[in-house]
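Below is one structure. I have some questions about it.
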Amino acid sequence: MWRPCGTFDDTYEKDISIVRTPAQWSITVAGLAVLAVLPLFASGYFMTTVNLIAISIISAQGLGILTGLTGQISLGQGAFMGVGAYTLMMLMNYLGFSFWLALPCAMVSAGIIGLIFGLPSLRIKGFYLAMATLSAQFIIPWVITNVRPDLTGGTSTINIQYPSLFGLDLSKQSSMYYVIIFFTIAILYLTRNLARSKIGRAFVAIRDNDLAAEIMGLEVFRYKLLSFTICSMYAGLAGSLWVLWVGAVNVDSFTLHESIWFLGMIIVGGLGSIPGVCFGVIFIRVLELFVQQISPPIAALFPDAIGAAIKSGLSPFTFGLVILLFLIYEPRGLAHRWEIVKHFYRRWPFSY
Amino acid sequence: AEKPASLSIALLGDLTGPYASVVGPMAPGAEDAVQYVNEELGGIDGVKLKLHVRDCTGKAALGLQQYAELIGSTPKPLFFGVPHTPTAEALREKIIRDDVIGFFPGSVPDLYPQGNSYSFYALYAEQSAVFIRWLRANWKEKRNPRVAIITWDQAYGRAMLTPEFFDYCKKMKVDIVAQELFGVRDLDLTTHMVRIRSKNPDWVIANNTGSGPLAILRAAKELGMKIKFANNVGGDWGTIRLDPELFEDSISVMHMASFDNTDHPGIKKVFSYLKKNKRGIKEQTAFYVLGWQYVLMIHKTVSDAVAKVGWDKLNTAAIKSEMNNLTNWEPLDGVVKITYTDKVRHSHWLRIYKIKGGKLVPPGGKLGGSEFVEAPDLTPLKFR
Amino acid sequence: MTAEDQTKLKVEDLNLSFGSVQALMDVSFEVNGDEILALIGPNGAGKTSLLNCVSGFYHAQRGRVSFEGHDISRFSPSKRAKLGISRTFQNIELYTGLTALDNLMAARHVYIKYGPVAGSFFFGKARREEVENRKVVEEIIDLLEMEEVRYRVVESLPYGLRKRVDMGRALALHPKLLLLDEPMAGMNVEEKEDMARFILDIHELWKIPIIIVEHDMGVVMDICHRVVVLDFGLKLAEGTPAEIKQNEKVIQAYLGKE
Amino acid sequence: MLTMQFLVTGILTGGIYALVAVSIVLIYKATRIFNFAVGEMLALGGYFCYSFVVWGGLPLWISLPGALVMAVIVGALVERLVLRPLLSQPLLTIIMATLALSVLLKGIMLMVWTGYDVGFPKNLLPGKTVLVGMIAMSHELLWAFGITLVAFAGLAYFFMKTRTGLKMRGVSEDHELSMACGVNIVTIFAVTWMLAAVMGTLAGFLMGYRLALAPSYTPLLALKAFPAVIFGGLESIPGALIGGLLIGVIEGLVGGLIDPNLGEVSAYILLLLVLIFKPEGLFGLKRIERV
Amino acid sequence: MVREVVDILAVNQIEVFYHNVIQVLKGVSLEVREKQIVSLLGANGAGKTTTLKAISGLLKAEAGMVTDGDIVFMDKRIDRDLAHKIAKMGIIQVLEGRPVFQHLTAEENLRMGFIGSGGEKDIQKHLELVYGLFPRLRSLKNRTSGFLSGGEQQMMVIGRALLSSPKVMLLDEPSLGLAPLLIQGIFKIIKQINEERKTALLLVEQNALAALEIADYCYVMENGRVVMDGPADQLKENEDIKEFYLGLSKVGSRKSYKDVKHYKRRKRWLS
């Protein structure tokens, strides 16, 4: 842990606070200010993307806690988002719940479902556990499509009735943005605290050495379940926001593919790092858009017949390739790069 | 009044990804049609069409982002063509809210087109109903015909299973004896077919495309079952060519003239573009023609609207009123036939085919000619 | 009752087997007052297994373990830790991804009471508890002279320092009984001296009984009050270091002739 | 009677699942990597075979070995270009790389074979449906099953009788230690990936032949293999076979007798139960827990 | 630098970094001659293991790199070679902490060590040799190695290295965690290996007394540097070695661990 040169802590209280120096305070305030005025300048397209990224960050932070901190691989994050999404939709559409009431319910229901799929973690680890959570990805959509299709809409899409929040027109991305970004910042703050609290240490202890953790007085299983619950509550929150963001809900949005990519995002970002998770989400989401944007013009450079083939395959090809290259050249994730930059800044003006 | 430099229209959908083989050809179709409009018809009153194609690869989130991009661009596209899939479903509300015309798959009952949106063709239930009507008309035996349904377990596959359809079958005295659903990636349908076999149906109908019908027929063949098979638009060229022998004598209900009908002037025109732009056999599907239909519809309605109100007053409302006035409109000399009204946003005109030697030909019998027929109206109750 | 005649830990007729391997056979012994007890024996004698039975990682097929008069045979490891049994590990089982400080803080777990919600907000009680426990941990860091490595991730620490962190973690639990599994393995004499001094300091400061498994006879003879010798699951001998040193059986099975 | 039919079909289909499962197991055994690209690799193999047959007009007995050779090359390339540069990296990073690889391969397939379905010409495999009483056994599935058995016998020989087999087992436990023992882990990895690619290609061909090939759904076959792999245990090759068959049977029986919709889900529900009661699968290695 | 012909392994002024940032070795040189036992002493974290790994090529697997200097084995430079190549040439490292292939049986573990190209017969021959040295292993050969006790694992690990008939064996703390009787045994066997099989040994040890007893030559490392070297007999007489590594007080008798002062004299060469 390095602080800017010349900064010392004289009390333990100071040592454990997040924002320490005046410089850090001003950066934080400036950052928040930029976020607050962003919609005034940005296009709807940009805001849509920002919203998606912010929602994904929430979900990915949840997975970050479970996989990055606690070391339990989960391939069910998408499905847990789906649980949140459908709960919110049903509570609001059929029971007329207000958003503020439906949201915690959605989080809790996702949390409970996550907890259930976390139960096998009592005895299994690693990829066996990943597969147990994978089953969530099959069982949950099955339940959504088959058990009460009259409520969930089965395989088809159901529209959500937009709630009114503080008079914001939530069908507009720029208004939606304030709701989403509020939760994202809150989640980041809470996650940061959780990670450095007793709970966070327990999680990492379990990740690094669950046997020793048990012997050192940690109820390992309880904490694993707690981790699963928190993770899927985050997913539930993200899923709820997702419904508002899209305005509709369909099982196809919460596929295994999504879940695997959430895992991908936190790996690219750097496991166990909160800013890393954010970077990972941004990296993947932006790259996704970027390759979509550049492939048509590139395909246009080729003669017609080849061009058509290239058009369809180029964006996945580029996407895969960029990530591979990234992994090969930055295998420790974006968080590592970030640490290096921070390290450099903190040592400044004295270099190595 | 001042003419715009060009007229933007958009096509947005899952051109690659799980639905590629179905909806993918719509993009080349629209591209070719835009070329046709711009080069042969001189655009709309001299204004060229500009087509923006976006591929959402099967992800609703990406679709939403791309929609936001397109709707925010200037000039704003006046039309949004969105072929099928959950992406389309998710975008529907947004497009209806925004002041543009949406060209949509309205064939899934819950997504019946509303507001400024229009559907591609008849509802899937109606397509099946056309078959049922044909079957009944040509049924010789005393007892009721027995029909089994087997279809994909997702929105598209299930779209034919509406209460209106079942009512219609009852009314027509056709017994639905089995109803099986299967997954898109199921390797083996023997199980389903065995269950169907035990119900002893005369016909098996589906609302599938691509590998779906193929898997059904292959499983039947393996079990040594002789089944008569009927399918909706999905049973078009793109599917049949995967294994023409297997499809022999199947029935297919579609909204367009067949690619086999090479004497048809419209089909000829389409083929000249397929050839010119080096499209392969894979593009010869209903959705390629749908691309044409979309662009030609824009050409027609915008031209009419401009003629009426002029370029400066051209707006969505003006175009919409033209759309609602399309009656028995037959672009490309009748490759398709369209009627939209204020209330009914899907066209009822369909044709029924039989597959003979890998070709789509009229099945003969009563109501089995080569003309477009009007499907029974099975518009979902709540949208009437 | 004085500290001397008080039985802290009582192990009775412990039997433990893994399939055909009998790791412990009717082993009984006691730890009284605040003595330092050495557990020695050849490799594979069952010393670690015995510690595992005491700390709850293994459950013996037969026999009883009682701590401060209570039968704890059926208790889970974490529950025993809460009762005050704490240990180090032969192969250093640290939380490799945490800093040395956090390794110690993690061991304070049983003393920290706030829950996940308070933890997420990190106000008031949570913060206060963190600071209090941090003070305790800092004392241990001070005691073991680990100030330098406080913020180092233990993964990158050399072997010797990791052993020290392992010891620190065991101490952070403020145990009533400390089990040390080969605390000095892989150290040179100088480092062993440091370690011996730490152990003696702890013993002196906290007045707690300590069980040490150790192969270095020099250390055992110098700092332990009593020695228990195991040999392939059986208790071979028990006595003061001086007695053990002379015991023929022990020499033959374990010590060898110098 | 129906039950028998469902059982037989289940077993036969399970053979194909087993091939995919063993492709996953092989790589996991040697490298602890869970290969997320398995679906795409098998689809690619199927496409190779398709190209030889349809584009090259070659008979199957040349095309299939040809495709296997191509698969071996792909396996080797994957190892060389993706895994080797990532050698001493954290496991999850490498697993992520296989995920990226799957997207990349999908891109390649889209470029070369487009997104449309393609089918093999029929009658490549001789024979026709065998009817035993009312029970039909498709000759395609019988072939598939035969190919599966042969492939597994070959693998069993390889692991039991060759030193490379032992080395693979060693490498799977500890890379550094294996290197210290003079094992060229890079070669072992390459061999593993090649073997896995071969198994995948067989599955890809059989799947493509039965249904059709498309970059969008052929890779999904892998999803059937996941529960099979866990049933059998991630490290066990016989487990993969049995797991595959088991999944086939469960799907067949539950799908046939109860509800076809339940087929796939039932496999996963059962998987959950197995994991709770037998955490290492039926044949997987027990984790050694010592402190 | 004039190199004598009898050197089979020479490390010349190597510098080693982990992750390109942490410098661990700051110019280390040492030589191992034919049939010689060389021991390497040093405090925890001095870089002994790192030195061995640099030689055996295992550093690369840990994101470590030799950035300067070179390592020469039988007149061939090997610091760029991969670990398995180096092993094939005849340098085998026995890793610290006796890592085993947990799920393999003891005999399978031994077999993993076989590098040569010979068939089953050859392996059997080597196995017999190892069982000859460690009779206990024979009775354990079908046991899952993960469950063996520390000492048993240590024997197995040394045996495993022997299976490849190395020219140079790099032993990293072979006596760690072993009972006194076994330590005597292990050192005897090390000596035996050296004498019978003419294997040169580079031995990292904390048990300086035993190491100096069997070694011909000795290096002492501190903080990534070699701070002292010389023939073993000579070093045994050195005051500092006596105090810090052998635990002898000035007078020559062993001092008690009980009497260690809180503020001790620190090593002279430190910093």
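Note that the chains are named A, B, C, D and E in the order they appear, and that numbering of residues resets to 1 at the start of each chain.
Assume a residue touches a chain if its C-beta (ideal position, glycine included) is under 8 Å from a C-beta of that chain, and two chains touch if they have at least 3 such contacts.
Since the model is a prediction, treat every value here as computed from it, not as a measurement.
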Chains contacting each of chain B and chain D, listed by label: A
Between C-D and A-B, the pair with more C-beta contacts: A-B
Between chain E and chain C, distance of the C-alpha-averaged centres to the nearest whole Å: 29
Chain A-chain D separation of Cα centroids, rounded to whole Å: 31
Chain B and chain C: spacing of chain centres that average the CA atoms, whole Å: 75
Distance from the mean Cα position of chain E to that of chain D, given in whole angstrom: 43
Interface hub residues of chain C, defined as touching at least two other chains: 48, 57, 89-91, 93
Shared interface positions of chain D, touching two or more other chains: 110, 114-115, 223, 261, 264, 291
Interface hub residues of chain E, defined as touching at least two other chains: 147
Interchain contacts (touch definition) - all pairs: A-B, A-C, A-D, B-D, C-D, C-E, D-E
Of chain A, residues touching chain D in the complex: 73, 119-120, 122-125, 127-132, 134-135, 138-139, 142, 146, 211-212, 215, 256, 260-261, 263-264, 267-268, 271, 308-310, 312-321, 323-324, 327-328, 331-333
Residue numbers on chain A that touch chain C, as the complex places them: 1, 12-13, 15-16, 190-191, 193-194, 196-202, 204-205, 207-209, 211-220, 226, 230, 272
Residues on chain B engaged by chain D in the complex (per definition of touch): 15-21, 24, 58, 153, 180-188, 190-192, 194-195, 198, 210-211, 214-215, 218, 221-224, 238, 242-243, 245-246, 280, 282
Complex contacts: residues of chain E adjacent to chain D: 56-58, 60-63, 82-85, 87-88, 92-95, 99-104, 108, 111-115, 144, 146-147, 160, 164
Complex contact set, residues of chain D against chain E: 87-88, 163, 166-167, 169-170, 173-186, 285, 288, 290
